[in-house]
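Next come two complexes, and both contain chain A; in the first it sits with chain B, in the second with chain C.
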Partner chain A sequence: MSTSTPPQKTLSRIAANRLQKELSEWQINPPAGFKHRVTDNLQRWIIEVNGAPGTLYSCEQYQLQVDFPENYPMEAPQVIFIQQPPCHPHIYSNGHICLDILYDSWSPAMTVSSICISILSMLSSATQKARPPDNDRYVRNCRNGRSPKETRWWFHDDKV
Partner chain B sequence: MATRSGRSRKSTEDIVETIKGASNRRMARSSSNRAVLSAGNSPRTRSAGQQVVAAIVIEDDDDDVQASSPRAFAQARSSGRRRPPTASGVQIPEVSLGLRLGPADSFSPAMRAHRNRAGGPIVATPPIRRPLTIDLTSPSAANDDCVIVRESKAPQVVKRKIAPAVLVEGGEQAGQASKELKLTCPICLDEMKEETSTICGHVFCRGCIQGAIAAQRKCPTCRKRLTSRSTHRIYLTAKLGS
Partner chain C sequence: MKLHVEGSGSSQAMMQDPELSSHQSQPQQVSEDSQAPPSTTGADGGSFDCNICLELAQDPVVTLCGHLFCWPCLYRWLQVHSICQECPVCKASVEEEKVIPLYGRGKVGSVDPRTKAVPGMNIPHRPAGQRPDTARHADQHYQHHGFNFMAGPGGPATARFGNITLSAGFGLFPSLFGFQLHGFPETTGLGGTSGIHFGTSGPGSQSSHIHTSPPVVPDQQQEALLSRLLLLLGCFVIVCLLLF
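For the complex of A and B:
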């Protein structure tokens, strides 16, 4: 279920420097439960997620795809689940994640590492495995590989 | 009682010494205390004691007089028991009598009024105004507590000054021996260049925060709404020495 539209523009010098810093920091101190799959593409990171023990997603593995815009970190990266996304009330079956820090509440002081921790926290606080109620309608509207960053999200639930 | 009499005897020696030398003002002041302490309770002996005070006050002809004589007076008042007159009044004939008697007459009425007051409002007389000036430089029974406060305050101030420096040094890479303050910008994750603070107190590179405000109009750290004028350059000293 990969949205494989590659980012159009190459990274700016500032963005490349910052991503190099993030990557070396990740290699020293990766967030617990995540594994960066090594590629030569700095602009697209593939990250393996392991469900936290003692939660609904324990012993399950998922993959995140993180695409960085040209003017990262001023603009948020695009973060989606690829292959089989977890069944979660805020994760659509096309891999899009309804999480405010990926869109409106993004801050340039956030990092890939902090995003990963937020996503794992969101997974871990789920009380039931279910798709969002509007999953089918939303996925239908996103047919031609639209980025979740173009979605006008409504962040209504701060419990899960 | 033995110690008291010993003390008063010592005081007379002090007085004699001081009046002879007349160089050390602090000595003169402490001796004036003791001279009053050794004064008796009968009106006649009291006036003798006051004469001693007056004599020393004249020796100390500068601002210190204000500090010394009221304290001595207060001390004399606070010491409930009055001892019989010692030779203190007698043993200082070296001071010229004219000098001693002159001021004693002028001082006695005011001091006696002060001593005799039973809640009577004597407001404008000098003896009431004077006790406000407490001499902290010479520790005595009257100002012991003041000295303790000053001593206990000083180390606290030093601790507060040292603590943040230690924290910053520990927060930095512990392996590095350099004492230079190195800050990391939360936006570029690189060494801070042209440190600039927002009005909410968060510090970034100048270029980074300007870009962030242009993009989002809010603080990257706390999301406070900001404009390009909500920042200012800050200048940090690089050295974190002692």
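For the complex of A and C:
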């Protein structure tokens, strides 16, 4: 389980303000099925995910690690599963998640809360528990702790 | 590396497969829906919170799709971070110069970190509002004012003195125009459409006069001043004649 190196630059003031705001909104109204594990690190959130009842993942628990870049929310946070990632066609065994809103389709109007909802919805819509077909190759290429956000870059470069 | 191409390629394929795209549109709807409610979770309503920083909007602007942002927040997104210039909330395309500024009457001049937090990036002023012409009855008010002004002092002056009246009469007309030219720009200046305004909205000859006169304003004002002095001198003479 690579816990990929987080973006180490400290949060800008705008980012810190916005995260503080998100955190207090989360405390009032957390997304259903998620629990933020309280730490004093605003830049890295650890979130517990509970599989939705009636889905393949019901009664299972997973952990998300969310690392915020210096200029969040202009840039997407890095979101990965840690510990034992769920077995899902869009989740690699190293915890990386293939979900467009985390990369190309990110928008600064999204929040940690809306990301969580998207991820849960992705889990819930699975019809079979399986790894992505290219899992082994992908994971091998990510060995030295590469961020999934870089994956997107290779992808773009290679496509052009 | 090549292996990777395939890897990411297949993940792209998956994104385009209908099953996945349907599940991806789902969360997006959720996030759009949740965009209205999350602000209401705050005690203060929050309908005027920026969709990017989630605070009360600073230098608020609204996109044509109706989404509210701080101007600095939206500018940074459009300029630096967005791949194609789109609204962060609904992905409608956004043209920077077409956003609409909102002018409330809150306090002005408090320095907000959002306006200067990015070193080396100058955030310009918001685009100005697109102001339609001033409502018509306002013009007429100004013009009546003008006519009265002319009729008042102009009449008596012509009645009494041949010589002086003539110059006084000429003098008064420019001062009338001068007055109007001062009056109008105040009301039209904000919109930046003053030229069109003068051309189209004034009834008849009066407006065409005004339209052509701006270049000679300084001269006419001088003339007006001179003629007033003459008029004053004339009055003084009459008073002298009456008294002595």
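Worth pointing out:
As a working rule, the second predicted complex is superposed on the first by the 149 of 160 C-alpha atoms of A that agree within 3 Å, B and C clash if a C-alpha of one lies under 4 Å from a C-alpha of the other, contacts with A are read in each partner's own complex, and residues count from 1 in each chain.
The criterion applied here is as follows: a contact is a pair of C-beta atoms (placed from the backbone, for glycine too) under 8 Å apart; a residue touches a chain by one contact, two chains touch by 3 or more.
Everything numeric here is computed off the predicted structure, so don't read it as measured data.
If you put the two complexes together on chain A, you find that chain B and chain C bump into each other.
Looking at the shared chain after the overlay, A:Cys98 reaches chain C, while chain B stays out of its contact range. By the touch criterion defined above, A:Pro73 lies against chain B and chain C together after alignment on the C-alpha atoms of chain A.
Of the two partner chains placed by the overlay, only chain C lies in contact with A:Met122; chain B stays clear of it. Of the two partner chains, chain B and chain C are each touched by A:Glu25. Shared-chain residue A:His90: touches chain C; no touch with chain B. Contacts of A:Arg13 after superposition: chain C is touched, whereas chain B is not reached.
Here chain B and chain C are compared by how many residues of chain A each touches, and C touches more. By the document's definition of touching, both partners, chain B and chain C, reach A:Pro108.
Only one of the stretches 93-101, 201-209 or 219-227 belonging to chain C overlaps chain B in the superposed arrangement, and that stretch is 93-101.
The residues of chain A shared by its contacts with chain B and with chain C are 14, 17-18, 21-22, 25, 71, 73-75, 107-109, 111. Residues 186-190, 208, 211-212, 214-216, 218, 220-221, 223 of chain B are the ones touching chain A in the complex. Against chain C, the residues of chain A that register as touching in their complex are 12-14, 17-18, 21-22, 25, 28-29, 71, 73-75, 89-90, 98-101, 104, 107-111, 113-114, 117-118, 121-122, 125, 132-134, 137-138, 140-141, 151-152, 154-155, 158-159.
Every residue of chain C that touches chain A in the complex is listed here, in rising order: 1, 3-12, 14-15, 19-20, 22-24, 26-28, 30-31, 34-35, 38, 41-42, 51-55, 67, 73, 76-77, 80-81, 83, 86, 88-89, 91, 113-114, 117-118. Chain A meets chain B in the complex at residues 14, 17-18, 21-22, 25, 71, 73-75, 105-109, 111.
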